[in-house]
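For reference, the structures are reproduced in the following blocks.
Each of the two complexes below includes subunit A, the first together with subunit B, the second together with subunit C.
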Partner chain A sequence: MNPPTKKLSLKENYALLTRGLGWEPSYEKHEDIFPHVQFEGIKIHDWDRWEDPFRLTMDAYWKYQGEKERKLYAIIDAFQQNNGHLNVSDARYLQALKLFINGVIGLEYSAHRGFNMIGREFPGVGARIAAQMQAIDELRHAQTQTHALSHYNRYFAGMAEFPHQFDRTWYLSIPKSFFEDAISAGPFEYIVAICFSFEYVLTNLVFMPWMSGAAYNGDMSTVSFGFSAQSDEARHMTLGIEVIKFLLEQDPANVPIVQRWIDKWFWRGYRLLTLVAAMMDYMLPKRVMAWSEAWDIYFEQNGGALFADLARYGIRMPKYADVTVKEKHHASHQLWCTFYQFRHAAGFPVWLPSEEEMDWFSAKYPDTFDRYYRPRYEAWRAMDAAGTPFVNATLPLLCQTCQWPLLFTEPDDPTTVCHREETYLGEKFHFCSDGCRDIFRHEPEKFVHAHLPVHQIYQGHYFRPEADPTAPDFNPLVEALRYMGIEPGVDGGDFRGHIDAVNWEQWSHRPASLHEPMQTPPADEQRKTA
Partner chain B sequence: MSHSEQPVFIALQANHDTLPIVDAIRADNPLAVVHEYPAMVKIDAPGHLVVRRESVEERLGRPFDLRELQINLVSLAGELDETDDEFTLQWKAA
Partner chain C sequence: MSVTAIRPGYHGDMKDTVEHFHGKQLVSLWWDRHLMYATPLCVPLPPQMPFGALVEQVLPGLFGQHPDFAKVDWREARWQRDGQPFDPAMERSLADNGIGHKALLRFRTPGLDGLHGACF
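On to the complex of A and B.
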């Protein structure tokens, strides 16, 4: 009998996978096979210096991913079998899930495509294997998130047309354009943008405090897919920091290029996360922490540690990091105010914060909430009570780079909307911030092509084929909403009286907002009064 | 290489699988601070944090492959080095 074969160590296993599989081409030119790795100016001298710190091999990858899937689907089964959709805190919480399904799943799928592309484009075997695993992870995220949320879609409005909405809805152009900017860049910019700037520096804010908040609000399904996805994310983040070190160590000429990408993608990602700021502060009826606290922990402290470490390579904090620290006291409020004004055009109903929530904001945002935002909400509340609720019927001016409406204020003056302009080839472009204008200035030829929903509406492109602009009662805004897949009263509008609120109270016998009385009296009382 | 005191962290799902892991981390990292959040445990440490296979195995009462951490891992910060025996997070330079 043969003696048992010696088990390979993790390091030996990984080395065999990533050093033995590649080969040098003999009859095709290297640059013809890998045509996209030159033009960005990044210099790589030795791809073998690439190391995945997890040293994950294929057998382990399939084994542990399979185990994660079994665990996740067991929870989703239990959730669905036990009326889980009625066990969350209230019907306002459900609205955050609409942002998730309509805005995030498309990102996961784009990430899957992006990693397939760079897996083909990078010449190094270690990098290609890492990209391949991540491409599979991202597809898994898109699928598991769809499966987990599909149960909610059976009962609640606004989730059924997520791919349609992702491609057309005005505020979903923000996540969509973020990823399309990344995927249309070169392979090195893509991996710095996604693995480092987005996943390493920023996604903790989505998957840690927000998902922990989902758990706190009783959403077993979302927290399970969130944490299951994040366990892959931890691997991607590790890859992100490895990528940065690899690029910086390969050639000093890479440092300024990488720094510019970090500046760009930190700001792009930060702007995108404004959505999460509003979800955390306004859409979790039971709250774990405020956005300002999360930003402090996950960016200022952890990001600070990261950039202190990278200083030895000559990398500094991302440009405008100081602005984000000023904005953390405002961003969630400014966005929620925007959604409230345009609630008729949103894919989810919007509400004014309850008394209890405003008191919480006063405590969490002592320098800003009572001064700038409470008075606004109280005025809107009074208008609503008087039967003349405030609605903004004009189309907003969008930022050419991040595509948010110009809703943010000057970093040092919360009473003035921040508005920057830039002229390029005789045309004027508008920006929400210095950060977004800088990005445009560096690549104007790319960003002049931005597909801005408001411009598309004005140009007449956001109409369905059967729309007739010559009809006497033609209303371009109503037609544009129809094109986006938003049905007023079913998708957006006021939370009070919204179909989700009404159904929630009927099915759960609990108020649609846990801080307010029942919107509709129980059915048996209705019968008594009838 | 000098060690930094900048914080590193590991965050795990709060469940039965991770109780012995969190215990092992506490024992091996006297400076670690354990924060309990809904559904999640986040363990911060200044500059350096290690998960040792042997310590987990002692508490678990069975062999443990450090790669099993993947199943319940939520997030981490710091540079990672994983071997058969130790899963280490650290910032290398001040």
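On to the complex of A and C.
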């Protein structure tokens, strides 16, 4: 009988996985096997200096993830069996979930693809293993998020066609184009963009409001997904900081390249997070904190400390960080005003904030809300009461880089739209900010072929095959909505009278918005009046 | 600066040049100090359209719901074309007024500064 094999220590196991698995090619050239690690100009002298701080091995990885899956699915089962969808705070909370399923799951899947690609492209085995594990994490997140939300889809509108909406809906081109920009860059830019600028610097601002928001609003299913993803996110964030230190320590020539990527991806990530700003301030019935407070804690304080720490490598704060601090008093309000006027073309219904909510905004945004935004909502409320609710039926001018409509104002003048322009090869391009114009100026060859939904609609590309543009009653905007999978009255429109609001009150006997009275009187009162 | 790409000479197609718009060109319109319209608005227009037709036929459909719109005196309106002040000739075409593809026309209506002192 053979003596029992000695069990490897974690350190030995990790060393064998990340060093022993690699080999030097004998009959193929190194640069032919790893053709994409040179062109970005990043210099790596010693891939063995890459250390995964978790030293996670494959057997440990599968064990941890398997345990988390078992717990998560037990909770999702219990949630479904107990009609958990009726225990959330109100029917407006469900609208925030629609941003999640239509906008975020597609990003998780894109991240899965991106990490698979860099897992193939990096020559260092430690880095490849880390990328491979993160690729599996991201796929798991896409799947578990879908499962966590699938129960809501049985009862509420606007969630059933999420991959379709992610690819086609006008405002979801903002997250989609963000990730496609990253994935079509080189492997080093991708990892700085996603692991560092997004995961490390900004991801708290996604997970904190969404997951605390889910907990505050009684959404056991989504918050359980959050717990299940949290340890992965912690690992991704740690990887993000390791990546940046590794690149900066390998060669001083890497510093200016990395700094430019940080500038670019901080700004792109920040613009993307405007969606979260509006969700936090307007869509969570029970609020966690205001966007301005979240930005202060998670970027100004935490991010400030991070960049102070990175100063020893010659890295400074991302360019235009000062603009984000000025915009934090305005961004969520400006976006909600935009969604309100384009609500007929949104994938979720939109509402005007109640008196009680406006008082909360006045307290949280003392310098801006009463002066600039309360008058807007009061004017729109009056137009609505007069039977002429305000609608903007024309398509907006989009930013060539971030793809938001030009909805942000000048950093120092909240009464004037911020507009920047650039002419390149005789063609004009429009931008929402200096940050977005800088990105274009550095890579015009890439951004000239951005897919801007407004331009695509006017070019005639946003029609379904059966649409007939020669028909006398052909309406290109109606056809474009059909192409995006947005059905007026089922997806977007007014929250008052929306199918989710009506069903919610019928099923739960609670108001569709907890800040407003019931939209429809209870059935016994209806009988009395009849 | 230029993009760093795997292959030298990489250049994406110009996706939105004027020939993609079936004889029309894009024009964006921005009514200064009227943020009820949260963003400048983008429409496809024939370059032969007289500027006067833009004012009389296009703008009401875009901005007509604002209470200030009916009060606008177009003789007093002050225009900017691509960031520079200009005086449009109402009877001449957009093209003859120097308004090219993707032009941004910004106009200010003196005396009308939006609602509630908030440029709304």
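Here is the rule we go by: the second predicted complex is superposed on the first by the 514 of 530 C-alpha atoms of A that agree within 3 Å, B and C clash if a C-alpha of one lies under 4 Å from a C-alpha of the other, contacts with A are read in each partner's own complex, and residues count from 1 in each chain.
Throughout what follows, a residue touches a chain if its C-beta (ideal position, glycine included) is under 8 Å from a C-beta of that chain, and two chains touch if they have at least 3 such contacts.
Computed from a prediction, not measured in an experiment: that's the story for all the values here.
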item	value
Which of subunit B and subunit C A:520 touches, first, second, both or neither	neither
Contacts of A:207 with subunit B and subunit C, given as first, second, both or neither	first
Subunit B versus subunit C as contact partner of A:452, first or second or both or neither	second
Touching partner for A:116 - first (subunit B), second (subunit C), both, neither	neither
Of subunit B and subunit C, the chain that contacts the larger number of subunit A residues	C
First, second, both or neither for A:132, with subunit B first and subunit C second	neither
Partner chain(s) touched by A:235 [first = subunit B, second = subunit C, both, neither]	first
Subunit A to subunit B touching residues, read off their complex	9-11, 53-56, 60, 64, 67-68, 71, 204, 207-209, 211-213, 215-216, 223, 227, 230-231, 233-235, 237-238, 241, 245, 288, 301-302, 304-306, 308-309, 311-312
Residue numbers on subunit C that touch subunit A, as the complex places them	1-6, 10-17, 20-22, 24, 26, 28, 30, 32-33, 35-44, 61-62, 65, 82-83, 100-104, 115-120
Footprint of subunit A on subunit B - complex, ascending	4, 6-9, 11, 13, 37-40, 42, 67-68, 70-84, 91-94
Partner subunit C, residues of subunit A touching it in the complex	35-36, 39-41, 186, 334, 337-338, 341, 371-372, 375-376, 378-379, 388, 390-398, 405-407, 409, 415-417, 419, 421, 425, 427-430, 441-452, 454-455, 458-460
